[in-house]
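See structure below.
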Amino acid sequence: MNLHDKLNALGSQRTDYRYDQPDAALLERFPNPYAEATINPHGVTGSLNITCPEFTSLCPVTGQPDFATLVIDMIPGAWCVESKSLKLYLGSFRMHGEFHEACVCRICNDLVTLLQPKWIRVEGRFTPRGGIPLWPTAEWRQPGC
Amino acid sequence: MNLHDKLNALGSQRTDYRYDQPDAALLERFPNPYAEATINPHGVTGSLNITCPEFTSLCPVTGQPDFATLVIDMIPGAWCVESKSLKLYLGSFRMHGEFHEACVCRICNDLVTLLQPKWIRVEGRFTPRGGIPLWPTAEWRQPGC
Amino acid sequence: MNLHDKLNALGSQRTDYRYDQPDAALLERFPNPYAEATINPHGVTGSLNITCPEFTSLCPVTGQPDFATLVIDMIPGAWCVESKSLKLYLGSFRMHGEFHEACVCRICNDLVTLLQPKWIRVEGRFTPRGGIPLWPTAEWRQPGC
Amino acid sequence: MNLHDKLNALGSQRTDYRYDQPDAALLERFPNPYAEATINPHGVTGSLNITCPEFTSLCPVTGQPDFATLVIDMIPGAWCVESKSLKLYLGSFRMHGEFHEACVCRICNDLVTLLQPKWIRVEGRFTPRGGIPLWPTAEWRQPGC
Amino acid sequence: MNLHDKLNALGSQRTDYRYDQPDAALLERFPNPYAEATINPHGVTGSLNITCPEFTSLCPVTGQPDFATLVIDMIPGAWCVESKSLKLYLGSFRMHGEFHEACVCRICNDLVTLLQPKWIRVEGRFTPRGGIPLWPTAEWRQPGC
Amino acid sequence: MNLHDKLNALGSQRTDYRYDQPDAALLERFPNPYAEATINPHGVTGSLNITCPEFTSLCPVTGQPDFATLVIDMIPGAWCVESKSLKLYLGSFRMHGEFHEACVCRICNDLVTLLQPKWIRVEGRFTPRGGIPLWPTAEWRQPGC
Amino acid sequence: MNLHDKLNALGSQRTDYRYDQPDAALLERFPNPYAEATINPHGVTGSLNITCPEFTSLCPVTGQPDFATLVIDMIPGAWCVESKSLKLYLGSFRMHGEFHEACVCRICNDLVTLLQPKWIRVEGRFTPRGGIPLWPTAEWRQPGC
Amino acid sequence: MNLHDKLNALGSQRTDYRYDQPDAALLERFPNPYAEATINPHGVTGSLNITCPEFTSLCPVTGQPDFATLVIDMIPGAWCVESKSLKLYLGSFRMHGEFHEACVCRICNDLVTLLQPKWIRVEGRFTPRGGIPLWPTAEWRQPGC
Amino acid sequence: MNLHDKLNALGSQRTDYRYDQPDAALLERFPNPYAEATINPHGVTGSLNITCPEFTSLCPVTGQPDFATLVIDMIPGAWCVESKSLKLYLGSFRMHGEFHEACVCRICNDLVTLLQPKWIRVEGRFTPRGGIPLWPTAEWRQPGC
Amino acid sequence: MNLHDKLNALGSQRTDYRYDQPDAALLERFPNPYAEATINPHGVTGSLNITCPEFTSLCPVTGQPDFATLVIDMIPGAWCVESKSLKLYLGSFRMHGEFHEACVCRICNDLVTLLQPKWIRVEGRFTPRGGIPLWPTAEWRQPGC
């Protein structure tokens, strides 16, 4: 089986951007190449650093826009996240209202559900509101890792 | 229950700024999203970094203004601090006289009372007075954490 | 006559800080030493650069606090501004509501009235509001200079 | 007349954020304090520098989000732009599709219409698309200035 | 007419990447918004800065890959270049052998043909070959501008 | 009891600067707010960082002036040092002759006597003499801490 | 005549530091080597840059210490200032009270009297008082130069 | 005619490196693409910046190795230098003894002879010898350019 | 006994600089203030960092000058080194030929002999010779410390 | 004639370092290659930048060592200075006492005598004495250049 047989977003005929609410179904995964013996005969260990500087959502109470750079660090297990689908998923927060902490918590959980990584950490570096930058972090480790 | 059902400051019809003395009653909290199973089904661990570069108070003896950047690091428990209420709370020191150390100690205690975090540290990076910058730090850890 | 015979703020028995509204009467001046033949027998030319990083005022509409660094450049004429009185004068904006542009315009005008300098420029580097920093500048040159 | 008698957005009971298309009617102005003899008795000259790091719009063809920092420099005439209304106006591009060049051109024109400044320049520092950052600039000078 | 009525590459059902030789036919243009009275009623002046850090071609003699960052500065006339088509056009050099100077010269000429700008400059910041970085520049100004 | 009932230097009618010899009696302390149950109901832990860039004394043999930045780190016990009294105390070295090492040792001892801290470290970053900067450090820990 | 026949401070049996008031008689000069045909047979043009980071004086009103870095630039005429005597002269401000502007003006005048340079500029980069750094400059040019 | 029909060094079956003495015959040129109407139909203007950080020669007297970064700026005329041949040419100084100034002068002259550029400048940034870095520059402009 | 009763170099009527060979007899010590109960009643712990950027000696074979910055770290015992005598001692290497390693070893030994410190480390950061910087270090610890 | 026929210092069997007094006879020159038609057939223009960070001399009055970085910029005429001879010449100041200004003036004059350059500037960046760095500059231009 080819690693990308089931990907929809990447190279699709027409990408439909969804902006109304976070949609974990937009996320797509492909088999972690580090987990394939044909690709990784020596069993080298893999890890990932992903920086997403263009995250924006709305304040759940006032409706005003929030902006953040998300930094995702991960030791993948059986799956890797496809990056265009990650962009579409993060774009789906655009018109959605949720507190900084809840956004970061939700993103970390959706990635844990999708990928079952060995370890993952998501940090949201939000720009200041009222002169105060508030940066939440979420971290998860697979039991036994 | 919605996370922000009980918030007053954020998005209120009219914010009443209080500047005469520190008023912990201005602080508002909302349920820590990391503690909600619906938002955090995988039980990821959360932490927070908050930078407040616009803190100002008065010297308790001379009445002259003091300025500081407050840096708050926290592992929340059941509650998170709402950031606009934090701004209003910090703003309530504007016309209040108190030593640097006491301000930092008070802020840390008020946040412990409000939030019962697992761990918190508050550092006050005050600008120089008499050519001398004095930076106090306060730290608290919930017993058993 | 001693240069500082008429100064009130500097070294006063007790400084009374006024925070309710801008009070140009707080500003004090002393004879520009460069203009005194006993101190400047050779007639050397003088200029001044003053940086005030702790300016704060209120928004005239919402009442929320604003913060700025003011930078003042000047070629003095007959008078110099006394720096503690300048601090007290700038401190008198603490509980006063006025737009950024008007604060800078007012400060420049009050210094022109007090000092009749040959040239002066006042820049207000305000911290962001709504994510947007707005920096006004005011400049004045004595006719014929 | 008070400088802010006619402002709606700033300190309003409830801000209504509009995200569907650029709406110049959101922009508000107030009389340039530098143009008021009571505030500027000496006739000092004013100028403005405004940085807006949180601009976002959509691509008019693909619908994908674009991000930019807008930098506005201005010598105002009779009017100044109110900064919260500027934030709301820029926020109204959030779900609107338009090319980078057209956004910058439109913003410059809307500000010229509103403010009739002596001089204005708007630069859009857009983040890369396809690995390529494209930065348009628009500039206008009142005839005779 | 809509500014993007005739664009093919942007948002097309399927992008066909061409890598065998530079193909100016891949370039697409759209009417310069600054030249449309409906978008630019005040006739503001426009300019553009485009940075393309991912250019790659082959050495015409040895076949080894070359890499460059192209920096394009322009005062557009009647047309603007569409940025995805620019990416595809630059991508068409991928398997093509041509000297650094000729690549930059060709790109500048192809953009002049397409856009008839008032002024354009293209600089190729090539990475070292044999330890030697060689950076050619091409510049063109419309007669009378 | 108010924390600052017994302070003399701060806000006094007239500060008498003493410059002839180090005078530990100039140092004043106030009850450590972290040690007061009313201010610190949760018993948060406090620490202090103080930077004094304007220390000057005389060489005990040649009489020439020495300059240093003193850096003081401390975990206070029952008392905190009042910062204006610290400035006055450090100022009292101005006309006093003592070697770098002895100055730092004396300052550390005077602060231990005054404050009985849990831990303290004083570093003297002296400017070069004869082209040679000499930086002594003194450190003290309360037995059992 | 040897250039240093008449110097007293440099290499004296015992340097007597004077700290009570500025004493221009402490300044010593030696014949500008650039003006001596035996040393400068080709008539090369000389200039000087001198940085004095350890200047300290007292406030004339409060008696509190002030600190500055003085930067002196000069095109000498017939004389050069001897640098140890300059240090002693600057040290004589140690217990003297005078405003920043007057110190800089006085130093410039004393050097003009001593040296009759072709051009001289003295800048005083004082450390902040009340959070405000104030930097005066004095400049003089010999008529006809 | 193809631009690279006559090139020998680039892509030759076997490069013969010559290290014994500077050999201008190693330099090869190709027709300046900016001068070819087929490549430059619009007559855009070209310029070049070439950095060569790996130049090494020998001291003509002691035989010890010298190292330099050569920086070449040029407005080409009818010809461009082929960069691999430039590398071979510069490599031919490896076992050759010549002073820094003469190397730079020779390289500039050899390039003028080969290329007849409109303008050229060659700077040699040599590493220190005896603790002293010596950097010669050579510059040439075609008469009438 | 005064700490500096027996010092010769510091403040002597006339310093005789010796430049012909390293002379440990130039080094002078004074009782470590940290070891004096009157100065250090609390028994605070002392340490020292000394930087000497102006060390120069000769190559023992070629006679050419060498230059270094010496960095000395120490926990003193009963004695401290007087810094002007250290300068004179280091100056006595000026016309002396010795390898880098031997200089550093000698200096460390001479200081151990003079001071019997608890711990000492001497590092010589020599400038390059033949393009190669060579940095020797010497370290000594008193038995039982 | 070979450019280095008459050089003595460079590559001599044994370099005799002279340290007792400045000896311009140590300086050697070789014909400026830019002035030789065989080396510079096109008449390219040459210039030179030389940095000498290891200059040391003695104070003429106290005998203590001084250190400087000398920076020499030059447009040579008929001659160039040979760099090892320059090192030896600068080394000859090692045991010589002379003021900073006189050293720089002398070096500039000796180079003018030796080289008859079209233009030359010598700057001495001396390390601080008494905490004060003093930097003299000397400049000369050949009449008619």
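For clarity, chains are labelled A, B, C, D, E, F, G, H, I and J in written order, and residue numbers in each chain start from 1.
Going forward, a residue touches a chain if its C-beta (ideal position, glycine included) is under 8 Å from a C-beta of that chain, and two chains touch if they have at least 3 such contacts.
Remember, it's a predicted structure, so these values are computed and weren't measured experimentally.
Using the contact threshold fixed earlier, the set of chains in contact with both chain E and chain I is H. Under half of the residue numbers at the chain E-chain H interface are used by both copies of the sequence. Put simply, the C-alpha centre of chain A and that of chain D have 33 angstrom between them.
Averaged C-alpha coordinates put the centre of chain D at 30 Å from the centre of chain E.
The geometric centre of chain E is 65 Å away from that of chain F, both derived from CA atoms.
Of all residues in chain G, those touching 2 or more other chains are 11, 53-54, 62-64, 67, 127, 130-131, listed in ascending order. Here chain G touches chain C in the complex through residues 59-63, 99-102, 104-106, 108-109, 112-113, 129-140, going by the rule given at the top. Within the complex formed with chain G, the chain F residues making contact are 15-17, 19, 53-54, 56, 58, 62-65, 67, 91, 94-95, 127.
Interface residues of chain C, counted against chain A in their complex, comprise 64, 67, 127-131.
Listing the residues of chain B that touch chain A in their complex gives 3-4, 7, 10-11, 30, 32-34, 39-54, 76, 80, 83-84, 86-87.
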